[in-house]
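Order of writing sets the chain letters: A, B and C. Residues in each chain are counted from 1.
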Amino acid sequence: MDWGAIFGNAAVELISPTTAAYALAALGLAVHFGYTGLLNFGQAGFMALGAYGYAISILTFGFPVWGAFLVGVGASIVFALILGVPTLRLRADYLAIVTIAAAEIVRLLFTTNTFADVTGSANGLSGYKNEFAALNPLAPGSYGFGPFENNAYDTWLRIVAWSIVILAALLVWQIMRSPWGRVIKGIREDEDAVRALGKNVYAYKMQSLILGGVFGTIAGMIFALPRAVVPSNYQTTLTFFIYAILLLGGAATVLGPIIGSMIFWVLLSFFSGFVARAVEAGWLPFMTSVQGGQLRFILVGVAIMLIVIFRPQGIFGNKKELAFVR
Amino acid sequence: MSANAIPLDSSAPLEPPVPTQKPIKTTGLHVGDAEPGCRKVDPILVVDNVRRTFGGLTAVDVDHVEVPRGAITALIGPNGAGKTTLFNLLTGFDKPDEGTWTFDGRSLAGVPAYKVARMGQIRTFQLTKALGLLTVMDNMLLGAKGQTGENLFRALLPFLWRNQEADNRVKALDLLTRFKLDAKKDDYAASLSGGQRKLLEMARALMSDPTLVMLDEPMAGVNPALTQSLLDHILNLKSQGMTVLFVEHDMHMVRHIADWVIVMAEGKVVAEGDPHEVMKDPAVIDAYLGQHHDEDIGEDPDAETEHVSAVKELLDDER
Amino acid sequence: MKSTLTAARYVPRVLAILLLTLLAALTMATFSVSSAHADEVGTEYDYTVTGNVQFNGDALDGVAIALNGNGYKADTVTDADGKWAIGVPEKGTYKVTLDEDTLPDGVIVAKGGNVIDAEFGLTNRKSVNFFLGEGTRSTVNFFDQFVNRFVNGLNFGLLLALAAIGVSLIFGTTGLSNFAHAEMITFGALATLVLSVNLGLPIWLAILIAVVLSGGLGFGLDAVIWKPLRRKGVAVIPLMIVSIGLSLALRYVYQYFFGGSTSQLPGAGMRDLQFGPVSLSPIDMASMGVSIVVLLAVAYFLLRTRIGKATRAVSDNPSLASASGIDVDNVIRIVWVVGAALAGLSGVLWAYFRPGVSWDMGFQMLLLVFAAVTLGGLGTAFGALVGSIIVGLFVELSTLWLPSDMKIVGALVILILVLLFRPQGILGRKERIG
């Protein structure tokens, strides 16, 4: 068995743009769920808006990178408003149902043949990377070492992706220790009490929904840059994976989502690599390689259950501050 | 709901709690006879024709009532009289079917709860709402009004709000010391006892310098030792120029500290007056005292009866 | 591939404009396929999508098939045996479209639409079959179409209600929004498939046993997972996340054992009978009959039996019910068993309606179930029934105006609109949302 390749492939995930994208999306969810207590199950929808907003702006309208970025962010703000206006006054579980439904609406609108000219339907979109690559200040060549060695474009992408993640983490860290964050955490505990103290709870929830949603949108763009935009990537399962990462790291923490994403992807890659090779080597005669691939989804599902039941604060969460919405 | 009511600190006190200082009663609050809906010399809260129904059940139906300024007014009544519902309506936490009410001359009908609070009318809750996973200090700081750092964009620039935050901290510590909670300031509020949470909730309300403090059963579930200090605190509010309106079941306490008593039964105001006089009113004896003895449970009697009627309603629906 | 200028009008910047555009889109839905070669296409690839177009046992020659997905596009026509095959570069999901214009007169795609999403399972071949039926497409007038869709929608709504009532009862008694209900739906269909096709039992017996097994699954899940968690005092939202984890795990366990393909239950694709404008297969009629009988039985259970009344009392106020001597744990156990059995039955009917049994069929329906429950008012069993019928009708009727791959969008948009104007749902009482 080629252990070197298994470990190497797993190590690649540590700083891959996909890991950064999931970390950022999970950080957005931490703002929603961990800090504010909003049950957003539509993070995949925010990510899809980012990816498509960026790709369509460049491919159809020929916008520059910053313009495409702003289109994506703008779309997610509008999306957050559409979700928030009917539901933020209602009980928490309504938001869960509406967000999950809205994310599916977004995905189906991008999948339908009706708009195939713009969205590429089930094929999705590709060929929008040149504009981003053109901004690359690095000379062509190879950077990094060992499993972290990449060409100029991939290195540039990693630098940008992780810079955004770090900036976002600093932003969350700063606002959560400000009076604004105090109100937000108060809303998570008991929104009526906060309302009775003269805070406009509705406005704060909306701000939180928009902020976390914008993180999700930018994550969607980072997610799209190393690959094509395909609608089937933005299914509800994506949101569940991000929840798994968030719960793994700790819902009301800044570092949790980031480290959680790294652990998640490294472990998943290691596990997949190991099972695939174990099947190849005939160690698991009862299993085909396709079944081995499905095993990891089963594992994620079981992991979500076990974390919630046995370690609700996640890896980085404070034991006392369980950080769970009741 | 009622299942996760806060646990009682102890059984009901055997002896009536007495404030440590002799309360100075405010008198001469009303104009004319002390009858339901009578006018006050200087009302702070005026309620007109406020009605709230749940399904077919009328929870509150108040024609006219005025709350006197600068005094301690008790709102009493038997189970399901609509006291808490009236509280919710007056503070914007519930919307009446019809009616108007003014606070300090400004109409509050349709004003959302947070704006009501900003105007200086602060309430507490029957089931304490201490924010469990925030520290005691953070709970207090949350009570302060007009914080610059509560704006999302200004929150990013700490130099804009650092001084204000420090001032609020001093004020909070001062209040916590008065309420004997200063030793707990860095603990999570969840670790406090039921009585301490009541104190914290009251102290938190004072952070905003309110003009009218509305306390919903401040004594429910509070240990007798703390009851005394709670009574002192309520009297202090008055001496600092605040108006207090509170809901209470314990008649001894009402008699001791209240300057004025408003009695509700079946959603209506049935009597008003001086606490010693009002107890003699036959309407009060009918409405309230008849049921007094079987209710000192400390649980949530309003909610319970509402649930019973909800069940009844459900059974009626299917016929 | 993309025409930059003409496309500019369609960019989804405002949702409302988008939806309006959709109304007009039905007219431009048909594909024109160039049928250059009748032989196998894309033979250079390892993976193949194949099919066999037949009507009443006769092979149909020259029917145009188009395939599209994962950045790959190809088309072909059926040969004299009605067979077609398209090689594809990788495993994945492809949209396969049958051009109805190339079918002989009087033959149409009867069920499932002329576009099928084909996803590869364990093998390198994926077969895609269209359900053809007698009928004509263009001559049906709007009213007849409406009536036909209406009856179909009613059928769908009824089977949706079976699942929705379980979700609603479980939510009412435990506060849990059970995402794993999807897998309870799939379980019923998979169990029926195994019992009838693999073990050769008669279909009625297979369904009966499958429903009993589903009830057993509900009992087991409650005993092994939910009851211990209730004892532990786990709050509602963590419970919901546990149910999401369970849903994910179970769904892929199904895929692990059954693969990604779609199988048919015995009797699926039976010929439709014509009743005026309404075409229904005997299966459809049986499905509606079963739904109605079972729903009436559930109504009787809730309204007239002691345990049913206890269930509603627990729904209304668990602590009060408990104080008045009701064994809450027992009630919740019964709710899980009944809810799971109903979900299993709903899965069987859903397998006939779609048609087909697949590992994620329940999850495809789950959002509509949630939409139905929310529409009717969370926690009210009769609200769930009303909500389901509305969703069912809406999904089917919307295909009169929307392209069929958008029919779910309409139902979900309605859900959001209802929450905007009547947050407590249609039958919910205002106090419930507190």
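Rule of thumb we're sticking to: a residue touches a chain if its C-beta (ideal position, glycine included) is under 8 Å from a C-beta of that chain, and two chains touch if they have at least 3 such contacts.
None of these values were measured; they are calculated from a predicted model.
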Find the chain most remote from chain C, comparing centres computed as mean CA coordinates. B
Could you name the chain whose CA centroid falls nearest to the centroid of all protein CA atoms? A
Chain A and chain B, separation of their C-alpha mean positions in angstrom: 44
With chain centres taken as the means of their Cα atoms, state the distance from chain A to chain C in Å. 28
Counting only Cα atoms for the centres, state how far chain B is from chain C in Å. 51
Spell out the residues on chain A that touch chain B in their complex, using ranges where they run on. 171, 174-175, 178-183, 185-186, 188-190, 192-201, 207, 211, 320-323
List the residues on chain C that touch chain A in their complex, please. 1-4, 6-8, 10-13, 15, 18, 21-22, 25, 28-29, 68-73, 93-95, 115, 117, 121-122, 177, 225, 229, 232, 234-238, 240-242, 244-253, 255-256, 259, 363, 367, 370-371, 374, 378, 403, 405-406, 408-409, 412-413, 415-416, 419-420, 423, 433-434
Which chain B residues qualify as touching chain A in the complex? 91, 93, 112-115, 117-118, 122-125, 129-134, 138-139, 141-143, 145, 147-152, 155-156, 158, 161, 165, 188, 201, 204-205, 207-208
Per the contact definition, I'd like the list of chain A residues that touch chain C in the complex. 39, 56, 59-62, 75, 82, 85-87, 89-94, 96-98, 100-102, 104-105, 108-109, 111-115, 117-124, 126, 228, 230, 232, 236-237, 240, 243-244, 247, 288, 290-291, 294-295, 297-298, 300-305, 308-309, 312, 324-326
